[in-house]
Structures are given as C-alpha cells and as structure tokens.
Amino acid sequence: MGPFDKKEECGLFAVFGRPDAAQLTYQGLYALQHRGQESAGIATSDGEVIRTHVGMGLVGEVFGEQELARLTGHMAIGHVRYSTTGSSDIRNAQPLTVEYSRGPVSVAHNGNLINARLLRDEYEAYGHIFQTSSDTEIIVALLAKPSHVAKPDPLGHVLGHLQGAFCLLFLFPDRIEAARDPFGIRPLVIGRTGDGTWCVASETCALDLIDAEYIRQVEPGEIVTLDRRGMTSRFFCPPHIVTPAKCVFEHVYFADPSSTVFDENVHQVRKRLGMRLAEEAPADADIVVAIPDSGRSAAMGYSFRSGIPLERGFVRNHYVGRTFIKPSAQDRTSAVKMKLTVIRQSVDGRRLVVVDDSIVRGTTTKGKIQALRRAGAREVHMRVSCPPIRHPCFYGVDFPTQEELIAHNRSVEDICKFLDVDSLAYISLEGMLSCVNDAAEHHCTACWSGRYPIPTDFTVSKFSLERNQLQMF
Amino acid sequence: MGPFDKKEECGLFAVFGRPDAAQLTYQGLYALQHRGQESAGIATSDGEVIRTHVGMGLVGEVFGEQELARLTGHMAIGHVRYSTTGSSDIRNAQPLTVEYSRGPVSVAHNGNLINARLLRDEYEAYGHIFQTSSDTEIIVALLAKPSHVAKPDPLGHVLGHLQGAFCLLFLFPDRIEAARDPFGIRPLVIGRTGDGTWCVASETCALDLIDAEYIRQVEPGEIVTLDRRGMTSRFFCPPHIVTPAKCVFEHVYFADPSSTVFDENVHQVRKRLGMRLAEEAPADADIVVAIPDSGRSAAMGYSFRSGIPLERGFVRNHYVGRTFIKPSAQDRTSAVKMKLTVIRQSVDGRRLVVVDDSIVRGTTTKGKIQALRRAGAREVHMRVSCPPIRHPCFYGVDFPTQEELIAHNRSVEDICKFLDVDSLAYISLEGMLSCVNDAAEHHCTACWSGRYPIPTDFTVSKFSLERNQLQMF
Amino acid sequence: MGPFDKKEECGLFAVFGRPDAAQLTYQGLYALQHRGQESAGIATSDGEVIRTHVGMGLVGEVFGEQELARLTGHMAIGHVRYSTTGSSDIRNAQPLTVEYSRGPVSVAHNGNLINARLLRDEYEAYGHIFQTSSDTEIIVALLAKPSHVAKPDPLGHVLGHLQGAFCLLFLFPDRIEAARDPFGIRPLVIGRTGDGTWCVASETCALDLIDAEYIRQVEPGEIVTLDRRGMTSRFFCPPHIVTPAKCVFEHVYFADPSSTVFDENVHQVRKRLGMRLAEEAPADADIVVAIPDSGRSAAMGYSFRSGIPLERGFVRNHYVGRTFIKPSAQDRTSAVKMKLTVIRQSVDGRRLVVVDDSIVRGTTTKGKIQALRRAGAREVHMRVSCPPIRHPCFYGVDFPTQEELIAHNRSVEDICKFLDVDSLAYISLEGMLSCVNDAAEHHCTACWSGRYPIPTDFTVSKFSLERNQLQMF
Amino acid sequence: MGPFDKKEECGLFAVFGRPDAAQLTYQGLYALQHRGQESAGIATSDGEVIRTHVGMGLVGEVFGEQELARLTGHMAIGHVRYSTTGSSDIRNAQPLTVEYSRGPVSVAHNGNLINARLLRDEYEAYGHIFQTSSDTEIIVALLAKPSHVAKPDPLGHVLGHLQGAFCLLFLFPDRIEAARDPFGIRPLVIGRTGDGTWCVASETCALDLIDAEYIRQVEPGEIVTLDRRGMTSRFFCPPHIVTPAKCVFEHVYFADPSSTVFDENVHQVRKRLGMRLAEEAPADADIVVAIPDSGRSAAMGYSFRSGIPLERGFVRNHYVGRTFIKPSAQDRTSAVKMKLTVIRQSVDGRRLVVVDDSIVRGTTTKGKIQALRRAGAREVHMRVSCPPIRHPCFYGVDFPTQEELIAHNRSVEDICKFLDVDSLAYISLEGMLSCVNDAAEHHCTACWSGRYPIPTDFTVSKFSLERNQLQMF
C-alpha cells in the first residue's frame, strides 16, 4: 500500500513546563509527520495568552525560526493533519483556538466523531455558526455551552457527549488536558524527559526524538492533566465498562515501525504478521520481496519463517516531491515508476513472494506488479499482511469510498486476476489478531469484518458533514 | 499625511447576475485597493454553494487566474482590509463565510461597532465561541440566533442591534444584501452596467473601472437587495429619524480623488478646502508645494485662490515596496526619503507654502519639512486642509492612540515649533464644513471636535476587543 | 507616454571607502529604480575578493538583509536593468563578474555599443565564447586581450575601441573606474558625502538619497578612478575633440524630475518645454490636464504660460503590480484603465489641453483620450513636449521597431485622426532644443531628426545581436 | 555513510529524436536525482536554436509545466549537480550554453579535470575571461580555439587535451555528442526506447524510468553521436591503450542500487561486498543491522553469509526537508536523530553487527552508534564494506579535506575508540576488488590506496580553482 492509496490520520503532541515548549513540539510533530502532511500547527500558552500558528504543508515548511520564536510560553500543543486531494482550507488546520465565556482555549483532535452531524444540527438550531467543516469546532461549541460550563467538570461532561474515535488535546491558559475515547481506538501515550517534563504524543517515536521516556498509554476514557502540579489523571468514563476497540490498522500500516503502539512495538507486530502469513499461505518461490516501505517488516517476517531469502526488489526514490509533473494522463502507472525502481537483477527469472501490508484500491499495487513482470519476474505470489478491506471506517481512517475498495464485492480470485499475479493470499482475520498481544475482542476490525464496535447510525455518517455548502480555498 | 501615519479603512464591492462575477469583483477591489492593503477576499455563489478565497496581501497578490477560475457563480462580494503593522491573521480576513441553521452566509464589513464587546460578552454567556477578534463574527452570530431567525425580516432585525459605523455586504446562496448604518457614516454606492447588472461599492471609482454607471448612494438605514428580480430596497431604520453623520475624513483623506462620495467629487471638495485655506490662512510666499499625493488637490486649490504659483517640490518613488530594508534604526527620517525626493531647484532659496491634507503623528511631516530645508527652502509655511486631530475615532478610522496624536494636548504654536516651520495654520472646522454641500450638522467631526454623534460608552470601546487572549499569526 | 510603451534604460551606482558600501549602493539603486526594473545587482570588493549578487526583479525584491550582509567590502558597484517582455535571463543581469589574466573584475554598463556585433564576430574568430547576448561581455573580452593587457593603460586603450553610448563602472579588487563615452550621450555624475566618501551615479537623485553632494559630471571621454587616494581623473579621449551628443530624451522622459542631468534640473527643463509648447501651439481650452506621471512637469509649464488653469484629470493607481490579471484579451484599453482613473467632474463638459512628454506607439495614449471622452470631455487638444519620434535609437533607448512607432511614415494629421483628438501639436525640434542650456548641436536628436551623431553601419545594428541562437530563461 | 558526509557527483541524460525530448530528459534527471541535488538544467535544440533552462534545487522544483513547454526541440541534454554547503551560484549550474564561432553549443559535465587550472591559466594568458569556477567553461573555451576549430574532428581533438575524469554531453544545434574519458572513471551508458529513440545516461536507472533498453556502455575514449542518422561512434583515444580505472566508489556508494554500472548491478555488487565482509570479519552477534539506506545491500549480504538474522534497527524519516531547523547548536547529534529513529525493541539487549558502506568523517556514524547504545544495544560490531578512506579524490568525488577524513593518520583501533564500538572492521582492498567482475587493476582505488591512475601534479589540484577571487551567490 502506498501514499497514493489512502489518506492518513492526524498526529498530536503536547508538552508542559519548558521554556522551549514550542521548539520541543516542533520536534515532536516532526517525528509524527507520517501521520499527516496537509497542515501543521502549534499553540502555546504563557499562563495567560494563547498564541497559535498554523499553516498548510509539512512541519518544516510551516515553521521557521521566526514563527517558533513568536510562540512563547512554557506549554504547547501541536497537530499534523492528514493530506487530502481536493481541499486545502487553512481554516480546517489545527489546533483550533477560540474564545468562549471562560476565556481562550485551543484544541487538537485525532479521530472522527460519528455523531458530529447530529450535534452540529442541534447547535445550529440553538443559533451557533460554524466556520469549518471539522468535528473539532463542534467539540469547542459543546465546551462553551452555558449548561456545560456550569458543571463541576465541564470537560469531562462534554467528552461524555462525543461518540466515535477521538484523542484530544486541550490547551487552556494554565494547563493542558489530554483525553482518549472510551474505546481507545486511536493511540495516545505519556512520556517524561530527564528533567521531569511531561509530554503526550500520538506515538512513542515522538518521545524518542526528544529523549523522553515512555511512561504509559493514556487509558481509554481517561483525561490526563499537565499543569504546574505535574501529571494528574481522572476518568470521564469509568475504566473497563466499555470493551476496548483498538484499531489494528495502526499496527498494520499507520504507525511508525519504531513506535510502541498499544504497548507493543509496531515493527515486531508486523514481523509476526509476516511470519503468520508465511504459515497460512506458503509459496514455492526463490525470493521474498517487500513493497517499500510499508511491506518491509512483514516481508522480513515472511522470509524468516519460510526460509526463502529476502531480496531487495525495489529502490525507492527519496526525491519525489509534491511538485512532480506526471508524465502524461494516460500513463497511469508512471507515478508508481517515479517512486519505485525495480532492481532487475534481483527479480529477473525468479519466482517472487511479494509482501505488502494491505491493498486498498489495488491500482498502485498492480503497477508495481507490472514493473516486476517487465523486469523478468517469472512468478509473482502476492501476500498481504492484513485481510481484504471491504468496509468503510467511521473512526478516522480515510479510506476511499466503499465502491473504490478493490475487495468490495470482489472475491480473492477476482482480485488475483485483476492484479495479474500467480497467486494471492491475505492473512486471515484470526491470524492477524493472533499477532497482537491483547485479546482479539479488544480490537476494532470493522474495515475487514464489518463489525463496528460503536453502534453507528449510518445515515449520519461523517460523509454528510462534507455535504455542507461552504467551500473555502 | 502619508501611509505610515495611520491605518486605512476597508473597501467593499458586490455584483449580481454575471457569469464573470468574481472577475468583476476582482477589478472592483483593485480600484478600492487604497482603502486596504492587508488582506483581500472574494466569496461567490452559484445559487447553492458559496465559495470563498481570502489571503494576506494586495488583490493582485491574493488572486491569480486559478483562484478566480475556482470562484464560480453569478454573484460575488469582495473585501479589502486595512493594513496593520503587528497582526497578519488570515482568520480576520474577509469575507467571513459561515454555516448556520439557514445554510451558508458570507459577510463583508467596513466600519466599526461600538457595542461589539457588549454583544460578544452576551453571546459568550449564551455559549458562543469566537475564532476572530473582528466585529464581523458577532454580526453573523446575531444573524444565527434562533429568535432572530424566526423574525419576518431577520436581517433587518439584526441590523437594528448594531451600534456604530457599518457598511455591510451579505452573500446568501440566492442573493446579496447591502446595508448602511442609520448615520450613514461610511460611503456605499449603487451602480449599474450597460447590460443592466447591478453592483454596490464603497466608492464610485470601482464603478468607473468596470464601466458601471453611478446610480445613487445606499441610503442611511437602507438595505438594498440584489437578486434575480433586480435591485429592491427596504429600510431597517426609517429614513430621516436619525441625523446623518457623514465622515468628513473620507473627503479629506480616505477616498480616491476621482470618486463621488456622499454625492460630491472628492477632488473638487479637496480643491475647495485648499481655496478656503488660502482665504483663512494666507501666506507671503513664492510657491505652493503639495505633499504627495494626499495634499495635491488642496495645494491646487490654495494656489488657485492665492495666486501663488504651484510648483512640484517632491517626486514620489513608485517602486517602494513592502520588502524595503530600512537604512538603519537610528535614521528615522530615511523612510520618508526613500519615498519622496525633493526637487532642489524648485525650492532652493524660495519661500514655500506646503500643503497637506492632515497631520496625525507629525513625525513624517517633520521629515518632509527637514528635507525641504536641506534643499534650501528659505521659509516654510505649513497649511493643513483639516483642523487639528485631537480625538479618537470609534467609527472605523484607525488613528494611533490619542497620546500619539501630535495635536493632542498641544497648541498650534507647539506643533509649529515641533515641525520647525515658519508658520503653521489649519483650516477651521467651520471652514472645512463650508466646503461640502450638505449641512454642517449632517457630518461627523468627532476626531476634530470631540463631539460624537452616537452615544458611546467609552469604557467598552473597540480597543477592549483587542484585549482578548488570542494571538494568531 | 507610459511604462507600457517602451523599455527603459539602465542605472549605475558606485561608492568607495565605506564599510557599508553595499548598503549605500542598495539605496542608490533604489533611487534609480525608474531607470530599470528587470534585474538588479551589486558587486563589492574588500581589496581582494569580489562578491556579486544579482537577481531578477526590483531592488527591494532582489536584496534582503541576508544578501546585503554577505556583500562585504568597502567598495561597491550596482546596476539596475531595463524591463523587457520576452526575456528574463538571469545571465544578462549585471554587474557581470569575470576572472581574467589579471584577476577578477566586475562591470556594469548603461548604453549600447554600435560595433558590438563586429567586435563579437572578431573575438569569436579568435576563439572566444560568449555566454550572454549583452554588450558587456564584449567589453570584458576586450579588457582580457593579451595585447591590451600589456598596454600602459589597458582600460583607456580598450575604451577607445568602443563605439556607441556607454557609461561604464569597473570594479577591480583595489579600485573603481567609471567612464563615459566621448559623446557624453548618457549621464553620469560624481558625488561626495559629508565624510568625504566619493560616489558615482547615473543621476543626482541617487546622491540626494544618501545625502551626498553633487560635485560634477563625469566628462565625455573621461575615466574617473575611486581608490584609497580619493578621486583622480584621466581622459581616454581628449576633451573637446568630439562634439557632445547628449541625449535629449533623458530630459524629456527618462530621468527623475528631481535629478540634475547634464547640469540642468530635469523638472525645470520639462516645465520650460511646456511653456515653449504653449507658445508654439496655443489652444482655446478650459483646463490643462497632464498625463500622469510623465506629462506633469510640462503640463505645469503649459498652464503657467497659457494662463489656462491646471486641473487633475487622472488619478494614478499606486497598487498596480506585476501580477495583475488583465480583464480580457479583447478589451485592450483596460490595462490603461487599471492604472489611471479619470476624475469625471474635472473634465465633464470641458475643453481640455492634454499634455504628455511623448507618444511612442500611440495605443496607450489613445486609451487615455478615450477615457477622457467617456467622462464627458467636450474637446481634447493634445500637446506633446517632444517632436514626433520617427527613427530608431542605437544608443540605448529601447524603442519598439520603427514600424511600430506611430509617427513613422505618418503625418501629424494622420496621428491626430488615429488618436481622435480635436487638435494635436508637437513641440518643434528647435523649440525643444531652446529649452536646454547648452548649444543645440551638442545634443543627439536622432530619434526625431534622423541625424545620428556617430557614424553607424546600419547593417550591423544592435538588433542583430539578438539574432543569435541562444535562448536562456 | 549519510548525505551529510560528503558531496555527491553529477548526473547526465541525453535523448535525440523525440518531440517530447525535454519531458523525457526531465524524467531521466528525476531518476538520477541521487547524483546531485544542488541544481538542475535542460538544454534543447530544434535543429537551429538552443534553448536552456537551469535553476537551483531539485528537478521537480526547477521545472514546471511552463518551463518544459518552452523547451521545444527534438533533442535535449540534462544535468543534475551535486549539493554543496557554501555556494549556490546559479552561474555554475549546467548545461552551460555559449556561442562561439561555429554557433551555439551546450555542455554538461560529470567528473573533474586535473589539468583545469593549467588550462585556465593558459587561456587567461591568451585573453580569455571566465565567468564560473567550473571546469566546463574551460572545455568550451578549448572547443572555441581557432586552431581547434580548424581540425578535421575538433571535438575529438579537444577531448585529447583533457586530463582527469569526465563524462561529457555536447548539444550542437543538429546533434548530440557524448564522450567518456579514456580511463572510464565515471559511468555512462547508452539506451534505446521501443520506438528506436537513442538516449545516453549516467546510470541505467534513468533508462528504466523511461522504458528504454540498456544497450551498452559508452566505452572509455569513445565519442557517441546521436543525430538523424541514429547512433554512430568514434574514438578520440584508441581503445585498450590506456588501462581502465573505473571508480569502485560508484559501486560502493554513489550509484542507485537498481542501476547497472560498469556492466554489473550495483545492489548485487554491494551484497557480495557484505558477504565478503562477513568472511573477512565475522562477529559473534545476535542480529545484523544496516545503516539506512546506504548500508542495506551490504547488510543483507553479511546476514546471508554469516547466518546472523537481518533486523531493522532504524526507521528513516522521509519528510526531512531542507528547511529543517536544527534543535540547537550544541546538540550535534540531533540532525542524525531527526533523520533516523531507532527501533528500540529490535536492538535492546542485543549484540549487533552494524553494516555501512563507508565512513568518511565519522561524526554521523558516531551519532548513529550512540543512538543504538541509548536504545540498549549490548554490543556493537561495526563492519564497513569498503576500506578506510585516507586520500583525496581528484576525479570527481567531493570528499572533505584530507584532514577531516576520520581514517587519515588514524589506525583502525583509533577509529574504533572514536566511534566507541566493541569492534570495527573494514573490508580489505583485495576483498573489495574481488567482488567486482573485472580485473583489480582495471579500477581506481586511489582514495583507499593512494595509487592514482592518472599522473597528477598535486600542486595544481582541483582545489586551487576554488581559490579564485570570485564569489557569486
């Protein structure tokens, strides 16, 4: 699976108690850049004033020394947002900073609310105006509601209204609050640097970059507060009354291989997926070849278990930027070629096991297979380290529409023909779940199984939010 | 007075019923660029969807062919915003497009509300969130209020709540509504092109550029609707129950000399101001010299009435851009020198009458006087075509703080000494008012006289809005 | 005449003996920006190393603080180059810095060599390669020629080979040399600041900006050396053996009104041209209107002599940038409209004398006349403060091709009809020459009279250089 | 070895006989981007006019659709240039297009001339001027020399004067000529597309991208001509009279793993280097870890031969751009951390064999080792797939100065201590040479052995060229 196939998620980072809070957040976002390349933003507080800078593009493009210098304050939250094709609206960039009756607040969000449309309609009926098409604006509207403001724990109260997947960072003038939905769908971790500074991040790779120690996950239903007293915790949803529904796709594709997600290292999980795949779907082949970079860990596992030597079949072009001119409209596979070059001598005349983490639309996978064929591959046995993706995600993964999913209404045999491979096998759902430590039923497998852990009214899906009549660019 | 001295206002343009509505609006804003250089924006509607593009900078920088091509629709509103030094927040750029219970709406505003802070506090207490520090967001919040939505004429009802100076454009999916405050403080005019297309603009110079005929002003308290039925009108405030308070400063400085403002040509008014000034404050001098460009029309009038020949004393550098590096911090007058060069042969050994439209801080005026002295001017008699500015404006002119006004707590003699001129005279308030056609009492003269036409609670001035705790950049 | 009509010349600036030499040169070029907007460049020397930075665009765009900081050294030369439509080749930007047998040298040039093609062919035959299409590269090739290097005064020897118009600045590691052609076609002046620093500039307006005193012109045929000994002089062509041929067009259009050119103030000369024009071609009219900005001084003179009041007919839009989108292809006059707005009340129902400095193609003039007509002008009497331009310039003015000149093969009556004016009159050649102090025969009038002061082989005109087969962009 | 350690070479591409020649060259350069990221350029010819566009930055940044559209013509040559830290002079960008007595010519060069300074001094003595500090300008000066022009084969004659490493592309209006030095130091290959179009490239990966078949190498001393007759060949230096001296470093580090260089696949050679390294320097360890990306192929070979499992120790951040802000000055290792994240779970508590292709300065290698140690690596056994680099390269590899080479005047034991590894071993020179097919004596091993294949006068090294007194930026 490649970056053309699907949109990616968001990344969060927060730190409290350092004069260089913005600088640390910049580094943290840098390490989380794989979770979103559309926009980046940082908000800081010095105890009174909240300062925000957001922009379209990569972290290194949005922030220069000047911008960081102006983001004064000893606490900061940051956000990177997934890339989309059509929209580039700066107003949707996060953190979203607003003023309400209690003063300013800034919010950053990773996930997707399934009751967003309902809440929005309700608030519009109450007279609210909305300037963006993001869920996040609804969350701060909830927070500003007078009856919520009056509660003993307004934030905890508000979080109880949200349905769906969410990891949230709130920057108030005097503190940071970090929350994770009761199902624990998306990851969120707590770290501490050598000097005792607390931070929160989507993945541990951000902690590693700033030399912070990984302490533990934010628990499902938990609110963690970072303020001058240090780190404190409370639950807006009592633990263990909801069965966790951790997104397996974080392990399969999203997260950085170096990260610890749901208390397991991603690369090790992927290697196990490859090993299990080798057991479930052996192949009579000369070499194992990975689709870079997403299939590399699983391919290593497949090779290890099968005994078939791992070989480099592709070289990735590290200079493919966003300004690239496509060779021509009709030549659909060329974009693949610009990113990956086949090592002819590795594959010519050989029987290959080609391992990737997933197949979404199938078109880029097909392009890569064709490139291997042209280079002389004698047989191609495709092995995929997750089951066929057949259902939409309502919890934050931006798959294409169901109709565009290659596995939607298609058998594995049909896909095999479409890809023109000699054999095709996916890991089984049980096999995949056996590769993660926690119990199978503690995971969300909706995109594969169609079993949605949160009761969803499909008539008000997230897509309806995009039907609004604002277009800003 | 020069561009360094004070912030400028905003400019508005709207057109209904042309497939090239965005293109016409682009041209209209171009002609209004002198009213604001910080940001520019256009919103269009095709009857259903509202599309918006805003950006920091000049009209020609914000919009390229690509942006205009995406702004499809047969109606459009546009806005240019005044320049500020510290802030460059894209979120404050207009038109502001939001979604509320009745669908999308886009708003553009020229002026200043004096009850903005009160309204905002009230709405925050009701649970509203605010993302900008602009008055405009409050106006759309008022529009979205359920009890307002239920009124027979929600817009007319809402406009009744606003206190202060406002010209407003509202783009609904199916129509444009243009409104002017009951005091008629800021100008707003109606035009029609040869093919019958209706448009609205801050000044007639925008009509000239697109070859539209000037029809009439939008009246104080009037709402003008442009839709498929053509142009219709209603009043949210009955005409003639409020005494008009037209801003004389529009004639003195703001408006384009070619424009018809308050039904009088600006250049002709300025010439009359110069003539009156010559009568009130004659000088024994060899030549009359204008401070470019703001003093040119008045200087022409002064010369005409006094018989003293008009001479060019300065040449303006047309290539001073915003990226200019100031020569050095200590050399404060250099910025003046980069913009204006003295024609030594015009002034050397001569006694000059130097005419400008106004003096705000006095520092740039002083720099220009010094340049004339260095070039050999024997005597300098400064004549100013408006009275001393001594009071803040709460209706949309962004003067510096009262303490920074050179005439605040200073006599004309003191200013004369500060500027180091041989004589200094301002036109009298009566003299100034005698140069415009309408009755003296139909104008706002607050910045000169301290008499504010709208009862103002000074403890909740517009400045308090800037005390909020959001800083976005 | 407006900026659309013809290309403009180049501007030169040099200063020796100040640690902030690059900064002073930046300011000097700023004041000379009207002489060229295509590219800008500065070269500095610290006594050993020559550092150069050039770029496309305005001085303020090419140079930031960083670029200036890197241009260390106590001497500097700078250049601004005229704007062209088709080409934007950075390789033609100046100063041109090269290394030859005697070390590095940097050269900046204003003018045009008429024997460039001949010299170039000759040098190519000797084995030289050329990387640009500019004359300047030929000049340094001449300087590098071994037989020239061996001369007692190589530079003086080389300058003797050049035919045409040239003002040249040479930056050697230890000194600056400034030279002017024996005919003195283009201006070049010497200045000195209060602390004794010597500088050289195309026009005195650059001296004014840096508070330098105007000392004198560089004489025709003179080489002025700025080095640690101060300013010294020698002649490569003995004075007075060549009859001067000063370009009158510098006074008519090119130079800044504030400048002293050929020892006369430009604005005063233009005023005299206007007065003479009033004598030669009176008109029965109500007001005199200038075409901004080039016609303003002459219009003032015309009004003064004729007694017809001067009135503002146009307002210039100061925000027309280079990124402007033209309204549409068919609407040819719109570009004029975007730059100039007519003050309807000034011209409506009136009989106008419209004064401009010159008419080149005639198309933009026609657009302006049409705008006045549409605004209600009853009669338009066009008066031009130079004679009809009918011949090409081989000395540095980039007129369009002869066929594109409106006055080429057309009588004044024909032009009058083309412009659709009620009357049209040009100043006479004798009249024009009577307005400058020096003898008529000491000027070049080739573009009007066809009498070329330097014998020119027309088969090898400057245009042939552009026939080469390199296109860089 | 990483991108911080040393400058990289240049890449060449040429194609004849296609209307989309510029587009194909764009793609070819794209595939060669790893050979140079400082500047990119393309020159085309339509049979008469040569058009050139060059710019600083990546291919995708320098060329947009507009630039490609203007590069009309059925033949093209292209160039990417290595990145440097200090200089960013557009004048050094290639292809270099000049005009000489025979018309225009454009040249692109990969390599380094060792007699450049001598030739340049000689030509300066003859009166030549030089505008760049590149060897390439000297080559075209040679071509323009009248006595050379008169030869039956001027190009062949000129190439005989050049000493050093060079692959050269010449674009004449009617043809392309491609040449390789008699020692064959740098690679250059010939390809042909399915429709019979000939092309030339530095590496075969560029042929793969445009679906061209690899035909053969350009032979040492050969000139290949692409024109309307197809591809023809001649030798300017008879084959086999010079012993080849192919640069082994192309295989070790430079070339793309997918390329066929000197008729061997780079990845396969690197794998053999890793296998040989495992034989020469076994280690008692748990896993083999590669330094990404340069050490990956060798690590695979080491693992294969040693039987120690290959494991991913690092994840590379693909979003590290050039605008990255370094965390702080003192934290020297942070740049490494921003690019590579350690997978803690892979290395914690384990004994590692760490494989890289080479060590230049040693500082970035040390940073990576430290990162592994911090992640818990129990033992680190460093293995390097080329011998210690101790001598400068005069043939095109931009190593740092000899003093900066970690292996200069240091024993392997000293380096082992510096890196703080448990053991350190380099492959032997004989071992390395045994991994390439051709005879050992047919290779250049100067940077390791100090044995230079071309007699070099070290007093006139390439570095002296940089001592010139021009600095352009």
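A, B, C and D are the chain letters, set down in written order, and residue numbers restart from 1 in every chain.
Here is the rule we go by: a contact is a pair of C-beta atoms (placed from the backbone, for glycine too) under 8 Å apart; a residue touches a chain by one contact, two chains touch by 3 or more.
All values reported here derive from a predicted model rather than from experimental measurement.
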Practice problem: Based on which chains touch which, give the shortest step count from chain A to chain C. | Solution: 2
Quiz item: If you average the Cα atoms per chain, which one ends up farthest from chain B?
Solution: D
Self-check item: Approximate Å spacing (C-alpha centroids) for the pair chain B, chain C
Solution: 37
Quiz item: When the centre of a chain is set as the mean of its C-alpha atoms, what distance in Å lies between chain C and chain D?
Solution: 48
Self-check item: Distance from the mean Cα position of chain D to that of chain B, given in whole angstrom
Solution: 60
Self-check item: Shared-contact residues (touching 2 or more other chains) in chain B
Solution: none
Practice problem: Under the touch definition given earlier, write down the residues of chain A that touch chain B in their complex. | Solution: 48-54, 67, 70, 90-91, 96-101, 103-104, 124-131, 137, 140-141, 143-146, 148-149, 173, 468-473
Quiz item: Which bits of chain D are touching chain A when the two form their complex?
Solution: 23, 26-27, 30-31, 33-34, 37, 58-61, 63-65, 68, 205, 208-209, 211, 256-258, 260, 265, 267-268, 293, 296-297, 300, 304, 309-312, 314-315, 317-321, 323-325, 327, 337-338, 341-346
